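You will see chain A twice below: alongside chain B first, and alongside chain C after that.
Presenting the complex of A and B:
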């Protein structure tokens, strides 16, 4: 394997390689600093100020962070966000896995079904939300039309506090296509010999699923779950569109990102909005670190032939 | 050799640029006067909000300005009202506010105190290019944009709150049309007969009455009709916990959940304009709704002033002007920007606005075309403007945006959904309002 020697030992070629390396990544680094690191630093600075845009930022230390604990609306937003994460992620992961497994079995038309199931994932979120506002419409939506046909009470999906979050979750689950494809790729990577050998030993389909499919799919599952959780914590667009940014009656669809958006851009509290953003970032980071640590127990990484040589 | 050739070509180009044209003939003296050089070209950014028709009218005024001042290039930025203020917030943060932009009366105080608006006092002086544009502007409309003696904007559109009514529905129900003497009781009585389950499915498909839930003015109007107020005159004390205020908010809940003459939120989901769609017989909204109403072809409609309170209390009618036009204090082209802003309020600009028949002009000259029928009863607006006090309680309320955000949240969460009776709701609501007013 190529290894760099110490600075004094590097040859002219190696020095040129290093110089070329930095030369090629410099545009990326510049972009990273300007569009990521810079704004992160500035947003942390703003979180330590009172800044309403109309006047210059006034340094107030950690007062914004102290305010977080006493903000009842933020607590509501956090509760809503955690609810969404806890319900949406497992449901959508399960749905994607089930459909991937079904697709994996299909002999004919696999490409067609794959395209059909993936189509919602490439639709713009705004369009999807607009579509579902009519699906869930109290008077004219197909769901309530069916309920009325069955002489059941129609449900105010988008205006009743109890039903608004479930409606949002159903809407969000429609975009399962990307996860389904990832699971499908993971399923296709599992060697068929394992299933053949287990079949010879008399294992049932259910046993094969529990003992072969799930463990070997666990790295894929971890990736899907982690990415879904990170995205779910940042839910914004659908909630904004369904409630015109207000969060709905009794803050039913007020999530953390929508709350910080309202504080920053509607009420002009950029300092407090930045503090909320950093709070969310820390929550997501903690969750990610804990998940990765815990995953050692549940994620099975198949040994490569090199690793087995000792 | 090749490099030498290229160098020679470049040198030729550079040297030729350095020399002036060779004199061809002697310039002869003439007795004709020398023409003034045309004004230097200037580029301005201009921003406004509105629906399609409203923005088309504004664009026509800008076009007329361009024809008058061809050296002034205008870059137009138009947005719907939703999101306009978020965009302005971003532009303020980046110091990229347009040179001339539309502003709602609610924001004038905050923007002015932050030093974002130019002082326009000198534009009224006789002999200035703008003075002629500004004659004829109603003094009250101008006064609403005067903060501590500094004129910070020009009014563009004015108006009043109106009761729009569906004549066909009223005819079918055998009811007389509303008139300025109607009280809320008269409206409720008529609305009860107009709220109909048209397909006998146990749910109403037609409702008799609906206030506008989106405007500050309608919230003010509801309170005033019960003899209540949101704030003290100086805008520093919340007064929304009075018995009268409780009755006003309870009224909003009762018309939906007790009297059942107004639609529930789920009944009009996805319907932008329940009145236009023929779902609501009587609907309160401002004169800005006129452009949407004038597109209605399915039924006959008309207007009158909004009903009085149960005991004849007047809500107020005239509104603070919206939008108004202001000049960014850090514009690079102050004089040109003042010219453009003033032109929007000028007789010529207002005449174009009136012909569009959407927003109501503030200048009389624009009202001739704007005031043509429909509706038949448009003359009621002049009566309202002449006889009724302004609806808005206070021009400068601190943190007005936070207050209106709290208002809408409470409306959505508690009032429209009937979650909490007004008597239980108002004390806490008032405390929240006072907290906002007390915030430095």
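Presenting the complex of A and C:
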């Protein structure tokens, strides 16, 4: 399969290396053909067909894509998804950053606090959602209990359409611990000498934050924001659980992946479902490329000896 | 007041800043304690509800601790749904898929770490690019493939793909194994070991931390996975804990909060065990590359 110009020059060592390398990665290459390249092509083909599994796929060109633009429920799902991304990502990133900075500076109980904030991040989302249906309970939930105690009006968190998305976001923010750990690792990588030197020069901690912490943390922040946005575009389990898969009432919690799931796996519209999947993939790809381009100007990559070597 | 002022002005400058630092510590720790308590409320509410009697749960205003403490909610949860069966199914899937993903990803990762041959860099670039592809594009075609193979309502779709390597875990293995000095493997080769022998006798013993990290990540990911069992499994006796738990909402159990919280608590036990014994590997894994987000 692979032909090289200077085969005769190669030592047996190099030949053996080639054989060994492709030997080690054989499972990956098989996996790529079966679970990556094949499905990718098939998925695109399906997006150009009408296919309900019972009958053979009918080629309909780009009709599914044209249908996307006129599908009001899909537009609602897109609006909801964008709302979720735009509200959840900054809030959750900010919370993770602030708590990582607090944790980074305290001298006692660091491990304990870290554990408390991190535990919700590894819990099954199904358990988290069930837990929060009780926490958000209008009559017996602790949040409304506190609101009543403060003589405020209790909130119908999960029954009023207006509050359903904020409730979902609060629930998702509870799992912020993983990004906090990433920020913490980023903070620990900033050399302490930078702060010491600038303190001697009389820099305030506010100035240190803007001139040292934030620039040196910018690659970490980019990583956290990017992964969060991609995950937020794919929100599914929590919305499925809260609405038993319906996304309703009034499609308040209808998100793109939930809509895709309903079309493909509930209604059996595999062609249209594939078109929705491609639309989502393209949105995520555009977002990723744009943010990498834009961030080039703002993200500060420190050139360490390690970086220059590789 | 006067005395304090004079004592402060006499003392050298650093003690004043030391006092300020101490005060800052107390303020920070106080803030952290308050936020921790807020974050613990949902878990606390789950535990006390799981231990309350049904009458106690629906008393208004709710009590902040169970009185009396009861464990009756647990058997009621197990009567409503076959949780022992869910547990068994989840364990089988977690074990078979973790063996597969650790085995395949470590071998592939070692291939990328050790060899620089024509094509290796390009293939590694492709591997990283696949990390950026959202799963949703593959869901439908892979579902149809497994359906064609007659694998629906079996655990095969949930475990077989694990044997072909996971891009993220391959990356973790590769990064770690690249740091192992070449002299060690060369010495083994001189002693007559073949490539697989080098991997097994030299690389694996030196890479145990990354094996632990990947194992823990994968166990959690498979235990928590909701989407895959949801689309591939239909029969209740095949269901995993994550999806089985969601059946509670559909049942009349929706008013039996005690059993619901007891069931949620039970679903968390493996996660809590991993959290206690293997938190180090989780934290290290997340800190170095960042899973989830």
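Just so we're on the same page, the second predicted complex is superposed on the first by the 293 of 310 C-alpha atoms of A that agree within 3 Å, B and C clash if a C-alpha of one lies under 4 Å from a C-alpha of the other, contacts with A are read in each partner's own complex, and residues count from 1 in each chain.
Following the convention adopted for this analysis, a contact is a pair of C-beta atoms (placed from the backbone, for glycine too) under 8 Å apart; a residue touches a chain by one contact, two chains touch by 3 or more.
As the structure is a computational prediction, the values presented were derived from the model and not from experiment.
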{"item": "Residue contacts with chain A in the superposition, chain B compared against chain C", "value": "C"}
{"item": "Touched partner set for A:53, first chain B, second chain C, both or neither", "value": "both"}
{"item": "Partner chain(s) touched by A:236 [first = chain B, second = chain C, both, neither]", "value": "second"}
{"item": "Partner chain(s) touched by A:147 [first = chain B, second = chain C, both, neither]", "value": "neither"}
{"item": "Touching partner for A:270 - first (chain B), second (chain C), both, neither", "value": "both"}
{"item": "Which superposed partner A:244 touches (first chain B, second chain C, both, neither)", "value": "both"}
{"item": "First, second, both or neither for A:134, with chain B first and chain C second", "value": "both"}
{"item": "Partner chain(s) touched by A:35 [first = chain B, second = chain C, both, neither]", "value": "second"}
{"item": "Chain B versus chain C as contact partner of A:161, first or second or both or neither", "value": "first"}
{"item": "Chain B and chain C contact sites that coincide on chain A, given as residue numbers", "value": "53, 133-134, 137, 139-140, 244, 264-265, 270"}
{"item": "Chain C residues within the chain A interface of the complex", "value": "24-25, 28-29, 31-32, 35-36, 39-43, 45-46, 49, 57-58, 60-62, 104, 107-108, 110-112, 114-120, 123, 126-127, 130, 132-145, 147, 161, 163-165, 170, 195, 199, 220, 223-224, 226-227, 231, 241-243, 245-246, 248-250, 257, 260-261, 263-264, 267-268, 271, 274-275, 279, 282-283, 286-288, 290-293"}
{"item": "Chain A - residues contacting chain C, complex", "value": "2, 4, 14, 17-18, 20-25, 27-28, 30-32, 34-36, 38-40, 42-43, 46, 53, 99, 102-103, 105-109, 113-127, 130-135, 137, 139-142, 145, 174, 178-179, 181-182, 184-185, 223-224, 226-228, 230-231, 233-234, 236-237, 240-241, 244, 257, 260-261, 264-265, 270, 273-274, 277-278, 280-281, 284-285, 288"}
{"item": "Touching residues on chain B, where the partner in the complex is chain A", "value": "82, 85-86, 89-90, 92-93, 110-111, 113-114, 116, 201, 264-267, 269-270, 401-402, 405, 408-409, 412-414, 416-417, 419"}
{"item": "In the complex, chain A residues that touch chain B", "value": "53-55, 133-134, 137-140, 148, 156, 158-161, 244-251, 262, 264-268, 270"}
